[in-house]
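Below is the structure I would like to discuss, written out as structure tokens.
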Amino acid sequence: MTIEYGEPVRQAEVRPGMTVGELVEELGKAGAYNAGSLSAAADIYERMLRDERATRFFGLAGAMVPGGMGGIVADLIRRGHIDILVSTGANLTHDIIEAIGCRHYHGSAACSDVELREEEINRIYDVYLPNEAFIRFEEFMQGVLSEIRDGSVISISGLLCSIGGSLSGGILAAAAEMDVPVYCPALQDSMIGLQYWLFNQTHHVVVDAFADMPALLDRCFAAERAGAFLVGGGVPKNYILQSMLMTEKGFDYAVQLTGDRPDLGGLSGATLDEARSWGKLTGEARAVTVYGDATITLPLLIAAVLERLAQ
Amino acid sequence: MTIEYGEPVRQAEVRPGMTVGELVEELGKAGAYNAGSLSAAADIYERMLRDERATRFFGLAGAMVPGGMGGIVADLIRRGHIDILVSTGANLTHDIIEAIGCRHYHGSAACSDVELREEEINRIYDVYLPNEAFIRFEEFMQGVLSEIRDGSVISISGLLCSIGGSLSGGILAAAAEMDVPVYCPALQDSMIGLQYWLFNQTHHVVVDAFADMPALLDRCFAAERAGAFLVGGGVPKNYILQSMLMTEKGFDYAVQLTGDRPDLGGLSGATLDEARSWGKLTGEARAVTVYGDATITLPLLIAAVLERLAQ
Amino acid sequence: MTIEYGEPVRQAEVRPGMTVGELVEELGKAGAYNAGSLSAAADIYERMLRDERATRFFGLAGAMVPGGMGGIVADLIRRGHIDILVSTGANLTHDIIEAIGCRHYHGSAACSDVELREEEINRIYDVYLPNEAFIRFEEFMQGVLSEIRDGSVISISGLLCSIGGSLSGGILAAAAEMDVPVYCPALQDSMIGLQYWLFNQTHHVVVDAFADMPALLDRCFAAERAGAFLVGGGVPKNYILQSMLMTEKGFDYAVQLTGDRPDLGGLSGATLDEARSWGKLTGEARAVTVYGDATITLPLLIAAVLERLAQ
Amino acid sequence: MTIEYGEPVRQAEVRPGMTVGELVEELGKAGAYNAGSLSAAADIYERMLRDERATRFFGLAGAMVPGGMGGIVADLIRRGHIDILVSTGANLTHDIIEAIGCRHYHGSAACSDVELREEEINRIYDVYLPNEAFIRFEEFMQGVLSEIRDGSVISISGLLCSIGGSLSGGILAAAAEMDVPVYCPALQDSMIGLQYWLFNQTHHVVVDAFADMPALLDRCFAAERAGAFLVGGGVPKNYILQSMLMTEKGFDYAVQLTGDRPDLGGLSGATLDEARSWGKLTGEARAVTVYGDATITLPLLIAAVLERLAQ
């Protein structure tokens, strides 16, 4: 028989009090559809984290901080599991909001948005964010920005590091503390960007859009091996994957958690195999995509991998 | 402020060695998107199972048995958590295949289906089922069917109960043992149906399509309260939900795990709120839909609920 | 170069007043993602309809009649383009409702289902159906059913043909008129089924669940070639595809319009390639899946194919 | 009756030779699910284009140019229907590739990406792009970049305008010709960005990330009314919607074509109603989302609207 096939599917068993690692073990025994992919993702991510010679990239897209997933990212940074973080501006905006003490609230997606507007509550699916958070955000941001010397030219990661250094919790603070660079190519496309625009109406500071690229590409050239953990797609996914293109190398490990699908052609739903054709992943790279809501798959995966690493 | 909103979103924390119940607790604290829904589903299902006066329906659609989820359903039956099961014919076919000792195998969705055909391997996404399983299935089925007295009129659940009584593992065996009726309105639409057609070419047994309805509707009329746990949509979902329509009552609890989406209009992706307009659910029913792959959400949810029940 | 690749992508051009056929021509020149698939579907369906020796199956799942797509199906029947129709019970229920003069209404998915319940309006995503339609439906159905001789054994398609014969518009009427058999394996799972249950409380008529299979399989054995056009998945898709399994043949043409995705393992989202591994499609079959909402893709495709046939 | 509901659903009719506008008319009469939304989108976009006092934004995300949709965007620019374009870097990269005479090719998503890599073919779902295109792209880009005076500080839209001025077909050329600003906040995240990095290793030109914001915000403040047409989500959607936040106004018209879904929380799938809570859309704004593949919905919609405008 020329078709290779693997282990028999074993009917998953669940037991009261089982650990998350044990559950993911059962998903692997079942081994089908996205449960199989999630189990494979745990194997790959464990291996990526155990590989001392791998540089580990983390991409963060989707409204993950308002959805309560920012703490896991900050924790991964503090545990030393992220070397380079690429994020959307929105996640960093909401990270700052939480770090300065404002809160997001459980709400409902079945509501009147016009009424919410009247009450000055901003909605992110079923999460509510009272507008006053943005007033405190503005105070904080203008304070940080006012520290920058007029006439200077800064990088995006430099600006984000200054912000993180002024905070005591969350992703940016953890990154600043652990010296992990945070890249955000589309910073303009966020409330941080709007605050910067406000600030720069009376100041003259240039944010050099490309200032971060040399350091990032140096890391790519220096990396013996490389791994990417991608939550969502968007700019973070593409920016991470393209960064290896200029070297002769590609990523050796890649895990992607996405709710998008490949047949629409967009990068966010594209398979990681597609990335092999571009050379973004090596031909032998261990890679898997788990389709689903990352607010479920991310905690499940990370808890299982941390359990393995602790053994 | 007239808009009510709930608890603050708390950034989920994951710890090595945490139990699945603890993880779902954290998803509930984060509380957003499908993680929030999954946590709500655990609350509802726990309550449904603790409610001694509720009749509990379970709908099983999607290729759950080939995907290794049949064991969880059989276990729920054995634990007394399912009173009435409605399934697609395909899940029952694959349940029989596993119960007579044939196996499904881990395969790959990126393959040549023409080659698979030549090798006589049937594919279900990334699961492979060698065709020889159907040869043994045919032997088993014809054996069971030959026991039926010629000239008789039988019901679908009666036939399925006979099959279950001839098996020693899996869903149908558990149901037969625990006296749980298994309904399968579209039995013709399955390999069981094709075996029946083969058998009936030389026999004369009538399967009365509607023979199961009186008993089912009696259960609905008798139910003090009712709960529905729906894996996937399709016939099982609709058949369960419509069964209450003839009574003055509706379901009091409902949990739905689906990968479909509402905006296409189909029942499988329809919200459970929609079912309220029909009176299938009561106005006050506790109900939630978790969008995603049930091979992940089902084990996660059941392990968490069993953990709570064991406390 | 061993990798074969086709025509260059041509940027689609749209012009005021262009016909639907011209638009689909442009989609084919662009040729990517689901636009490319839709163009391929038009080619396959045109070929299927031009092939005099092909038996043409049509599968109808999803809430297509409430969504205004029933007229297209009835028209295809009247034009002689459907030889065998397999439908969900729900589509036939709503077809009867329209045929007896009741209407579905444009509504909104953002509404209070509890309020709708109070107003006795049933919701199907953004379509509203006032409950009084079911009162007239009951009158009609009980009238038709009362014609059946007590003590008889009938088939599902026979029952549906009687219903169609009592109507003057819609799918069932067209099928009865054109002598196209309508199969509905899960008839119990519909309002038609509930009406039957009501009727049979005071009558004794047996609906033989399997009575339709011999005639269907005879058609399959007799078919020189076979084509399947599948709107949605569910029972209609599986029932059609499995029907060829008992012959040595498979489908030669297949088009599937679905909103589901393959990675969840379920049949509704499964690729048609997967069906080749089972032998449901021949190895050489021309087949394509178009992912998307069939309320858009179906009219687009049919208008384009009718335009080609008219040339 | 307090629930308002609209017109009866009319079964769509398709006729050979009907125009695209007539087809969309029929979708509107059916009026359900995404067909109803597409018809509403045509109404809104027609109104937006007829409103002389509205500033019209266009957001372009997803792999639309490789999918053959770039020609439609260029045509809309030339017809004067786009005042401000916001795009991903990838679409602009592929626009340049086509404009300098390289081609994308029809391929297949079912292929070996490792083999494609060996053959130096890059894959975008079922579209193939031979790597040699990037060699010619590099020549072109380095040529354009070398024209920039060393030591200068430029904006992203300025750079893109220079590129467009050097081309004779496609989106960037049309925009340069028609004086339509093209914004691309995440330019670094694209092959254009990588070319810039290469160039800047031996030059000293600063791209000021925020240089475009004052002009964009001036347009927002000046706009009497504003409309947004959004293909896909990502940075273009957010950047366009947030641009109005700093004014007291919001968008008055919005159409979104997306394949994402709201329940994952991400912006790309978020409803336009959600944007009302933020004030990005006015409370009275006419807005609709069409879920599906934009390679189908975009040409369909634009052809129908152009037909109406031509009447």
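General remarks:
Chains: A, B, C and D, in written order; residue numbering restarts at 1 for each.
Here, a contact is a pair of C-beta atoms (placed from the backbone, for glycine too) under 8 Å apart; a residue touches a chain by one contact, two chains touch by 3 or more.
Computed from a predicted model, the values in this text were never measured in an experiment.
Two chain pairs are in question, A-D and B-D; the one with more C-beta pairs in contact is A-D. Counting every residue number used by either copy at the chain A-chain B contact, over half are found in both chains. The distance from the centre of chain B to the centre of chain D, with each centre set as the mean of the Cα atoms, comes to 42 Å. If each chain is reduced to the centroid of its CA atoms, chain A and chain B end up 35 Å from each other.
Inter-chain centre distance (chain A to chain D, centres taken as mean C-alpha positions): 25 Å.
Looking at chain D, residues 32-34, 63, 66-67, 110, 116, 121, 124-127, 261, 263-265, 273, 291, 293, 295 sit in touch with two or more other chains.
Within the complex, the chain A residues that touch chain B are 1-3, 5-21, 23, 26-27, 29-36, 38, 63, 65-72, 74-75, 98, 103-107, 110-111, 115-116, 119, 121, 124-128, 273, 291-293, 295-297, 299-300, 302-303, 306-307, 309-310. Chain D makes touch with chain B in their complex at residues 32-34, 37, 110, 261, 263-265, 291. Contacts from chain A toward chain D in the complex involve residues 61-64, 66-67, 90, 109, 113-114, 116-117, 121-127, 153, 156, 185-191, 193-194, 196-198, 200-201, 206-210, 212-214, 217, 232, 234-235, 238-239, 242, 245-246, 259-270, 273-279, 283, 293-295.
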